[in-house]
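Reading through the structure tokens given below for one structure.
Chain IDs A, B, C, D and E follow the sequence of writing; residue 1 opens each chain.
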Amino acid sequence: MILRKIFNPFAVARYMRTELVVSTVISVSVYFLYHNQHLEKVSLPFSIAAILGSALAIFLAFRNNNAYSRWWEARTIWGGVINNSRIFARQIIANADNAVIIGKASKQQVEAFKKELIYRQIAFAHALRLHLRRQNSWEELKHLLSAGEFEELSKKANKPNYLLQNQGIRIKEGMRSEILGAFDNISLEPTLAGFNNFQGSCERIKNTPLLRQYHFFTKLFLLVFMVILPFSLISDFNKMGMPILMIPLSILVAFVFGVMGKVGEVNEDPFENRITDIPMTSMCNTIERDLKEMLGENSLPTKLESENGYIY
Amino acid sequence: MILRKIFNPFAVARYMRTELVVSTVISVSVYFLYHNQHLEKVSLPFSIAAILGSALAIFLAFRNNNAYSRWWEARTIWGGVINNSRIFARQIIANADNAVIIGKASKQQVEAFKKELIYRQIAFAHALRLHLRRQNSWEELKHLLSAGEFEELSKKANKPNYLLQNQGIRIKEGMRSEILGAFDNISLEPTLAGFNNFQGSCERIKNTPLLRQYHFFTKLFLLVFMVILPFSLISDFNKMGMPILMIPLSILVAFVFGVMGKVGEVNEDPFENRITDIPMTSMCNTIERDLKEMLGENSLPTKLESENGYIY
Amino acid sequence: MILRKIFNPFAVARYMRTELVVSTVISVSVYFLYHNQHLEKVSLPFSIAAILGSALAIFLAFRNNNAYSRWWEARTIWGGVINNSRIFARQIIANADNAVIIGKASKQQVEAFKKELIYRQIAFAHALRLHLRRQNSWEELKHLLSAGEFEELSKKANKPNYLLQNQGIRIKEGMRSEILGAFDNISLEPTLAGFNNFQGSCERIKNTPLLRQYHFFTKLFLLVFMVILPFSLISDFNKMGMPILMIPLSILVAFVFGVMGKVGEVNEDPFENRITDIPMTSMCNTIERDLKEMLGENSLPTKLESENGYIY
Amino acid sequence: MILRKIFNPFAVARYMRTELVVSTVISVSVYFLYHNQHLEKVSLPFSIAAILGSALAIFLAFRNNNAYSRWWEARTIWGGVINNSRIFARQIIANADNAVIIGKASKQQVEAFKKELIYRQIAFAHALRLHLRRQNSWEELKHLLSAGEFEELSKKANKPNYLLQNQGIRIKEGMRSEILGAFDNISLEPTLAGFNNFQGSCERIKNTPLLRQYHFFTKLFLLVFMVILPFSLISDFNKMGMPILMIPLSILVAFVFGVMGKVGEVNEDPFENRITDIPMTSMCNTIERDLKEMLGENSLPTKLESENGYIY
Amino acid sequence: MILRKIFNPFAVARYMRTELVVSTVISVSVYFLYHNQHLEKVSLPFSIAAILGSALAIFLAFRNNNAYSRWWEARTIWGGVINNSRIFARQIIANADNAVIIGKASKQQVEAFKKELIYRQIAFAHALRLHLRRQNSWEELKHLLSAGEFEELSKKANKPNYLLQNQGIRIKEGMRSEILGAFDNISLEPTLAGFNNFQGSCERIKNTPLLRQYHFFTKLFLLVFMVILPFSLISDFNKMGMPILMIPLSILVAFVFGVMGKVGEVNEDPFENRITDIPMTSMCNTIERDLKEMLGENSLPTKLESENGYIY
């Protein structure tokens, strides 16, 4: 996620280089043909650019809205992962601590149980992040799971789902050993099901790109518009007596429409390990810090801060 | 679902052939009448095209938005089928495994129970897919159900609903035989009800086309616009001294508006066994793979990948 | 609901007759005054039509979006009635069948109980349909209720609500006689509450028309636009040398904007026993067929199909 | 809420008098300066009106959409109050009646309990209405509460909340005296919480006006547009040879944009005891009629009908 | 939150000073170059401003919609905090009072328990407000918590979360000492989870600014538009014979578009201790007043009113 408010103009220019180059080449050619070669017939009425521009605007608005919706939905889902992790930890701690006081289990058993479940929950968040970004650094989870479970996990195709399955089994075992009460699952189960739903919703966004038809035709119409524009403008500029000004202004208009297309494009896919991702690494850090604080641990991992105006 | 980012221009042209042919015939006729036959009176003011174009744009934007909403809702519902299948399997496994440990049922009984319910759940996903695509290859479910149940199923009008009804009955039997606990249905019932709701929501989208009024009048207004356009443009192009250019540019504008109409149209109906469907076959494969992995099976079905940039 | 894709042009013309007549009379008058009577001063600049047209477009877009939202919400609510009916039947059957096996009730008692509750549920769907369409053919419910209950029902002001109240009472009686289990109401109650909510949501749409302000001013602005249009166009058409063409094109533009207004208007109210209603009769038929199949009945009512491209 | 479909033109004119007067004064002045005083330099290019008109349109569309959303959300919340009242009454009746049959309480006790809770629920709806409209006629609730409770209520700052608090306490007492079953609160509590949420949601809409920034600047831009418009139109009308026509058409366009602003404005606040309110008095009447019918009472209050096309 | 309906024109001018200064400098320079220096070639066709204006409008509309959605979502979440606080207090009071009557706990114990939990709930609201506004005046919570808990709280990184964790633990203790019933947690747990979700949702809005891309490019395009505008207008104004009028009208148009950008900008971030914040201080006051009234306290804190048309 980008946090800086001012972008480097060179970075922007580099980012938009294809659009700028295409637009420059066409504008200069049109100017040259029209003015230097006196091929005045190459000009088109402005109405053509206007009508294509408004069609393009509908596509761009549609795409920007839907791309942003996808990004914001992804962020909201991960917000849900944070909230639900805190709820889960709160439920486990309140229920398990009770078992010590009423003498159903020893302090040690309960502390081990709490730590195991809550660490696995932290591991789930990390696993979901790696799963969505298609990264393989599973060793990041090693410190959160027992050696056996980590071993078993590495064999599984759907790793986050495996961790949730283990949570379900361990909760039942907690109830059997009376660390958890008989009714506690009525509260814990919706929390667990929440994680299943969050995982599935992220996979939906990951695996279903914004309809390719919109992608392809937005790009195509943008190109068509950039090509038509200098032809449509040259005649008006010529009438004003400054045909050369058509070149920078064609490029400017092409740049504006090009930015509108690019901004939508990068927000479509929020799980790609790019600076425009939702900041999953930072959110995993929040979860790890909050849950360890809830367990009463003192040495929390350092809070991740943005670097150079970016946060991952 | 289309995954490829670049479309074949010939495929696009073939796809838009009606619009292209209509537009070409009209533009050429108008040019011929105007320029060769000197029937200059056939031209119309550009304002007519502008006002019709903006009315058409409202209809096209409305339709694109609603068609895409239907498609994305369908995808979200099926995402829910995936999530809920994992939740269901997790609940069944955690609850039933517990029964072995506390000695209420033998390992064998429990394994059979888990497999039966989870295989039936996989069968439900396949059945919903066939039901929505109006396909009859019910033998695809045969390996997931007992011979008797498959026999019974084939007599039913509403097959996915029959499978859910059986799940409800079998869960009650599981509780009776203490494979499931007394409170387990409090968690399982909302999961089952979720499947009923997903089925019904898919049927709603399947059985209720986007209002035909919008379909018919969008097509009609598009045709009217394509007819009016060359008449509205010819005079401006003539003034610029290149009336012949009106032909390719009329076709181009008609193509752009035609694409906007077509793109909306194909997304309206996401369950038609077309390349623009939501990828139900692939999602059923995900469910089968994930649930079998949760059961601890080793030979999972091969993951379905996209072919030629399409996934079904 | 309209299922046909092609509309009869005469039906469309008849449907739009007011708009067409008004527009024709005004256009012809303007042409006559301008061209035959040489009252050239009646013309207006096109900018007036453009500015009014864009204000009208905002109103029309607003209204089309909200009218369609109402229609689709109504359809979604009734989809919920279908889903919830299946859930209710599934819950009743699974729970009651269990009572026979564990010896709490006889097969006969249970069959009677299941049939009574599920038939009453079918009756609820029919009653809601009649209630919303303000029809009085309550005898359509007679075969689904006992004579006494039907008698009592006919005295009630809010008939669907009375049926739900009876379901609540009968479920309590089922629990008392142990046909239902002690916890079964935890699942059944949300299902019943769902029906209360669906009824109230339909009544909301029925009793609260889309704000009359939008209705009245959309109609008024449409009329103003239709009146202003020929005055705004005549001068441009005269310049092109074909003032007579202004008449058909004014009518065409008025027709396009008129259709946009009319399409929104008919979708506003989805429960009026018109061809543009949501198909409640057909959905009640689906509920009756599905629930009777779930009860194991063999003679299901015939599936209602669309007639002449319409389904009620 | 307005139910009439045709508005009185004089009422509309009176309603829009500020806009009409302002617009008339400016148009006439511009005409006088331009034409009679030959101050031709006061005219502005039409492009200024066009660009301001489109900025204004964005603000008006934004405001109309959000104002209508507030109104419709308020109506939906009150629809929820109706639904939830029926659910609450159904739950209380089914649960309490059961206590008589199983001999836990006498018929009299149960009837008194049912009547008390359901009457208090009716009182809650009336109290919420008075609370939102900031009316003080609390005596309207007197017939629904005991003398002591009414006395106590009148001392409370947040009256609807006090009634809900009493419901909670009385339900616990019902459970203690076994008029209600041990698990009945699992169903009743979400119903009560629903009322808390409905109250709070209404207060949110009541206490948070649509952002004043939009209110102020919409009004300001509307005024600017109305002032600029005659200057922008006079030159075009002069060219057509009928400058005097600029006056009525400026007023007409100002009226159209003024209506768009006014329509949004009145829908922003749905709880102000105006004809554009959501019909809370009528909805309270529905609740009182339905709940008394559910209690088996015969003399229901008369159904409130619209008067002169308005319903409160 | 701003409650006043009329804004001070000087405040508005000061607020928009950058836009006004930039626009004035450019317009005056263009006028000077064009008219006084006879550099007539600096003018641009109006079409350039029109096309850039419409692209800018799409960005501004997008941003206004999403900024307002964020603001309104924040307000809705805090509305939820109010509702849920009342629900929580109602549940605690009804459940705990019952314990006195059935003799499980003394009046004193119960009063202390109620006060502790409900005061902590008030503290949670204040803590969430300070946490979101990044303020450190934690002593505001001192009167609501025991000395020990306040001490402990001040060591925690995530303070609101710590208070919720304590609520969970204390509820379990209430159940153990039978001040709360065995099933009461089934109702209390979703209420507590609601608070976790509200906190997380606020943090999402706080920590995730509206995408910076939109922020930066809206500002950039606004600047470009303000620069291009006088060049695009000067020629038309010159034709009308009043080129000097271009200056005020350029500034006016720039002001209108500038306001549209600014209004969106301030609503993006609703938790910044600015006058455009959602009124969290006032809402905390509502919670404190309502919850203390529910506890039966007589001296409620004074209701916070708006000052000078602002409420915090």
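Rule of thumb we're sticking to: contacts are C-beta pairs under 8 Å (C-beta built on N, C-alpha and C of every residue); 3 or more make two chains touch, one makes a residue touch a chain.
This structure is a prediction, so every number in the text was calculated from the model and none was measured.
**Student:** To reach chain E from chain B by way of touching chains, what is the minimum number of steps?
**Tutor:** 2
**Student:** Which chains does chain A share as contact partners with chain B?
**Tutor:** Output, common partners of chain A and chain B: nil, no chain qualifies.
**Student:** For the two copies chain D and chain E, what rotation in degrees overlays their C-alpha atoms? Round to the nearest 5.
**Tutor:** 70
**Student:** Copies chain B and chain C touch; is their interface built from the same residue numbers (over half shared) or different ones?
**Tutor:** Result for this pair: different.
**Student:** Using the average of all C-alpha atoms in each chain as its centre, how far is it in Å between chain A and chain E?
**Tutor:** Distance between chain centres, rounded to whole Å: 24 Å.
**Student:** Centre to centre, by mean C-alpha position, how many angstrom separate chain B and chain D?
**Tutor:** Here chain B and chain D have centroids separated by 39 Å.
**Student:** Give me the residues of chain B that touch two or more other chains.
**Tutor:** 50, 54, 183, 186
**Student:** Which label fits the chain touch graph of this model best, line, ring, star, complete or other?
**Tutor:** Contact map by chain: ring.
**Student:** Can I get the ring sequence of chains, opening with chain B and turning toward chain C?
**Tutor:** Following the ring from chain B in the direction of chain C gives B, C, D, E, A.
**Student:** Which of the residues in chain E end up touching chain A in this complex?
**Tutor:** Going by the criterion above, the answer is residues 40-45, 47-48, 50-52, 54-55, 58-59, 62, 66, 156-158, 161-162, 164-165, 168-169, 171-173, 175-176, 182-183, 185-186, 189, 192-193, 196-197, 199-201, 203-204, 208-209, 211-217, 221, 224, 228, 235.
**Student:** Where on chain C does chain B make contact in their complex?
**Tutor:** 1-7, 46, 49-50, 53-54, 57, 60-61, 64-65, 68, 71, 75-76, 79-80, 82-84, 86-87, 90-91, 93-95, 97-98, 101-102, 183, 186-187, 191, 233, 236-237, 239-242, 245, 249, 252-253, 256-257, 259-260, 263, 266-267, 276, 278, 289-290, 293-294, 300
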